[in-house]
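Next come the structures, one after another.
Consider the two complexes below, in which chain A is the common component and chain B and chain C are the respective partners.
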Partner chain A sequence: MSTNTAITEPLQRAAAELLSEGKVAVVIGYGMDGDSSFSPPLFAREPQEAERLVFDDRCFGNLSVYLSKDHIRRMGKIGIVVKGCDLRAVNVLLREHVVKREDVVLIGVPCAGQGDPLLGKCSVCEQRNPQGCDIVVGDPVEQPQIDAAQRYSEAADIDAKSIEERWEFWSGQLSKCIRCYACRNVCPLCYCKRCITEKTVPQWIETSAHLRGNIAWNVARAFHLTGRCVNCGECERACPMDIPLGAINQKMAQLMDERYDFQSGLSSEDKAPFTTFNVDDPETGIL
Partner chain B sequence: MIQQASDSTDNSKWQPRIVAFLCNWCSYAGADLAGMSRFAYPAAIKIVRLPCSGRVDPMFIIKSFEQGADLVLVSGCHPGDCHYTSGNYHARRKLLAFRELMTFLGIDPRRFKISWVSAAEGAKWSSLVKEITAEVIALGPFENYSKLRAGGIAE
Partner chain C sequence: MNSAKVDEQTLYQAATGWLKSAVDILLGAGVEVIAPIETDPGVVELAAVNSSEAVALDYVNARLPLKRLLFPVTEVLLEYEKQSDGDVDVKSEPAASPKDVVVIGARPCDVAALEALDKVFHWDYDDVHYSGRREGTTLITFACTKPGPQCFCTSVGGSPHNSAQSDVLVFLEDDGRALLQVCSDKGAKFVDQLGDVAKPAPAGSKLPAPPEVKARFEPEKVKQWLDESFEDDFWADVSLKCLGCGACSYLCPTCHCFDIVDEANWHSGQRRRNWDCCSHPMFTKHASGHNPRPDQASRCRQRVMHKFKYFPERFGQIACVGCGRCTRACCVGQNLVSILTDIETRAKGGANCDA
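This part shows the complex of A and B:
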């Protein structure tokens, strides 16, 4: 763990300035928490609170999850610290009209990766330097070239298995699910006011923690995120049972990339693959 | 349905059960034409009539498996013929992606069929049902899912 002073200091200055000039009501960033294994979210509402903001190599959270929460939006205009990966989620929220661009001030932080050793997603990160932010603090970091094979390597490992092996693997993994819904609550794009799993008439998803209902839940979760998920990896990180949820999301992202040349969150102007169609779309496998 | 479903775990008495979601305008009319034209086809298929193939949510398919279906078919209008202009184009994207998700999770994709059957294709409907019924008989009961019921909580 090491605080990145080259970013932390200008970040604190920028946040204090935004707050004292009244340009934002709150700055959502990361705060220092002693020897904790991660830097927790910090909501700075007064200029003097900005000095508690930090940026280091344990700023795992994707803070954009707060942008869709009513009680936080009621605070007023939000300044938010975003890494490149978080910015992709913000782009989807903008595209889906959950947030208006004029209601947020994006404070971009160049990020060479989080965690020691680096998180898997960080080693194949293609957005180390956030683009299109209102303010960028710190200097750009070096951006390695990543190819599609690296981007989707986690899904490829499971794709290499036979169908029986996959069933074996996933029924084992999904049996562990305790239905805490941490994956949903931490996901910036799971913002439905009422989730399908809480609907009881009809009850599409069995709510007890049993494999059959767990499959239904995880299928619904993955499918609702298809063409939207930006692979920020928060679901997998939040999962207390260590289910490799990221692989499922990665598989669906790979499909959208290969079939429709679409990567979610690279722009706030594009259209999700499931909201549009092409008459010449692939048709293999239809009788 | 639930009683029937629990019988399906006993292989000697097993009869294949196919759930078909048909769009009202083409495939349902095609199945109707097959009946009027007296084209016989297996009774294993249970038809659910929907306004459009675009109405099909993947949860319909998962729920069918949970309730004892051995195979699920979704059938709609041919591309370009949708009564609502574009429902089947949207369905095509979503359902093909859903099949990939099934495949990735190890849920046998041969248990999920998609077809286009027009209102004039009574003969196609009849031969399609014969074909998929023969296939599901060859595959046998969908034990991955029926075991989940046996090992799980009571209905």
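This part shows the complex of A and C:
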């Protein structure tokens, strides 16, 4: 672990200033916790609490998940620390009118990657320097060029398997699911007040953790996020059973990229293919 | 549910290769053997084995707790089918057969947790599904040699060498030998099956000293504060970052809440019991639409209150064995020990500290 003082210090100053001037009611950032293997979310509500904010290489979480939570929104205007990858989720929340731009102060942090060794998603990150934030703390970091092959390499590895091998792989992985819904609850874009798996009249998704129910759940989760998911990787990180959910998300992103030339969350102004009518739509999504 | 507690000093010395002998003998007798095996890189689960070769010896704890073998994540309670005459034929799933299962290598905290589950599943109703499996299970526990950084068993009345609910507590030695502490009749039967592989330990044999697990808080102090703090603002603060998933509860060796669902097509169906937990809003939502625990603050409070106040009041023991899985699994770094030490500080009238 190494604290990035070039970011942490100006971050603490900026947060304290926002709080003391009453520009925000809370700053959501990362805090230090000696017992934890990562820097967990921290909610600074008083200027002096800003001293506990940190930025280091263990800031794994995508804090934008809190932007849709009622108990956080009730506090008032929210200041939130975003890495470039997290900002993509914020853009989708803005695009989908879940969050209003004037209700948040975005504090961008340039990020050369998280984890030691680097998390998989960080090694192919194309948003190391967040764009369009209200405040950016720290200097920009170098942005390597990433091509489509690198971007979707995990999906390609699975595509290289035969159908039988793929079935064996996914049925094995999804058999592990215990239906704790950590994947859903940690997802910034799973903000439905009532999830389809909680609906019982009719029961669309079986809640039992047998393979049939687990496939239904995980496929429904993927479908509802196609064209929206920004590959922040939080579902896979949160999964206590280590199911490689990121590979499913990557495949969905690859299809959106290939068929609609679309990557979710690059801008809050984007028109999402699945919610936009276009007479030139190749309609390759329709079987 | 140890049928009889024998002298705790009934010690046996098992020779090198005892584990292979034990597994071979049990499998040969048609007994299912469950043991820790590495299922993913760095991940150990308790699962059926067909030889001793795959058994992991050097691990902190299994990813999923022992409870899942006795109280599975999903199980059939009954099945039903519509007949041609319009009647419905209901077939109660027979109670789990008391098949002999020997679990070799669970950790003392997971095994001790069964005391809490036993009390719940034999409380006002004898749960035949749980009991059937429990009766048929022999627990050959591996004493902890290497507690993890999140372990806190000594704060909740346990220890790395806790023998509670174990039939045999095994102290592995570096040279492949082991000291076997027999704790019940089932344990005596297991050692007996080993034949010459296990011999009474020489007089004066001593158990190794347990590895240190620092006591972090006093549960009595925690309860004192809980008794008077149902409405405290603490719950809103401590639950701020909680996202309300079930990872902590599902991985907890003592959490035992469940949901019952019917899964059916037009003609037939199954009634199933599935793990559920108090972190999920739907857990307490009434058909009227009213939810008596409407926010994460009340749900987080319930989890702590149940383990450290309600369960002790009803059953005389804490519903936590200090395995640390909840803290390890939490994706937002919610730390149960921090919460409890914070509560203890409040109980002593001290200032707020980090949660």
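Note that in this section the second predicted complex is superposed on the first by the 275 of 287 C-alpha atoms of A that agree within 3 Å, B and C clash if a C-alpha of one lies under 4 Å from a C-alpha of the other, contacts with A are read in each partner's own complex, and residues count from 1 in each chain.
Operating definition for what follows: a residue touches a chain if its C-beta (ideal position, glycine included) is under 8 Å from a C-beta of that chain, and two chains touch if they have at least 3 such contacts.
For clarity, every value in this text was computed on a predicted model and none was experimentally measured.
Colleague: In the overlaid three-chain picture, which partner chain does A:A272 touch, first (chain B) or second (chain C), both, or neither?
Modeller: neither
Colleague: I'd like to know which partner A:R179 touches here: chain B for first, chain C for second, both or neither.
Modeller: In the superposition, A:R179 touches chain C alone.
Colleague: In the overlay, answer first, second, both or neither for which of chain B and chain C A:L118 touches.
Modeller: Touch partners of A:L118: none, neither chain B nor chain C.
Colleague: Quick check for you: in the superposed arrangement, does A:I135 touch first (chain B), second (chain C), both or neither?
Modeller: So A:I135 meets neither chain B nor chain C here.
Colleague: Go through the superposed model and pick first if A:V98 touches only chain B, second if only chain C, both, or neither.
Modeller: A:V98 contacts neither chain B nor chain C.
Colleague: Looking at the overlay, does A:I163 come into contact with chain B only (first), chain C only (second), both, or neither?
Modeller: first
Colleague: Does chain A have more residues touched by chain B or by chain C?
Modeller: B
Colleague: Could you tell me if A:H210 is touching chain B, chain C, both of them or neither one (first, second, both, neither)?
Modeller: In the superposition, A:H210 touches chain B and chain C alike.
Colleague: Residues of chain A that sit at the chain B interface in one complex and at the chain C interface in the other, please.
Modeller: 206, 208, 210
Colleague: Can you list the residues on chain A that touch chain B in the complex?
Modeller: Within the complex, chain A touches chain B at residues 155, 158-159, 161, 163-171, 196, 204-206, 208, 210-212, 215-216, 218-220, 222-223, 226, 248, 251-252, 255-256, 259-260, 273-274, 277-279, 281-287.
Colleague: Going by the contact rule at the top, pick out the chain B residues touching chain A in the complex.
Modeller: Touching chain A from chain B are residues 58-59, 62-63, 66, 79-80, 86, 89-90, 92-94, 96-101, 103-109, 113-116, 128, 131-132, 144-145, 148-149, 151-153.
Colleague: List the residues on chain C that touch chain A in their complex, please.
Modeller: 40, 43, 63-64, 73-74, 149-150, 236, 240-241, 243-247, 249-251, 259, 261, 263, 272, 274-275, 277, 280, 282, 295-297, 327, 329, 331-335, 337-338, 354
Colleague: Within the complex, which stretch of chain A touches chain C?
Modeller: Listed in rising order, the residues are 33, 35-36, 38-41, 43, 61, 65-66, 70-72, 178-182, 184-186, 198, 203, 206-210, 213, 234, 237-238, 240-242.
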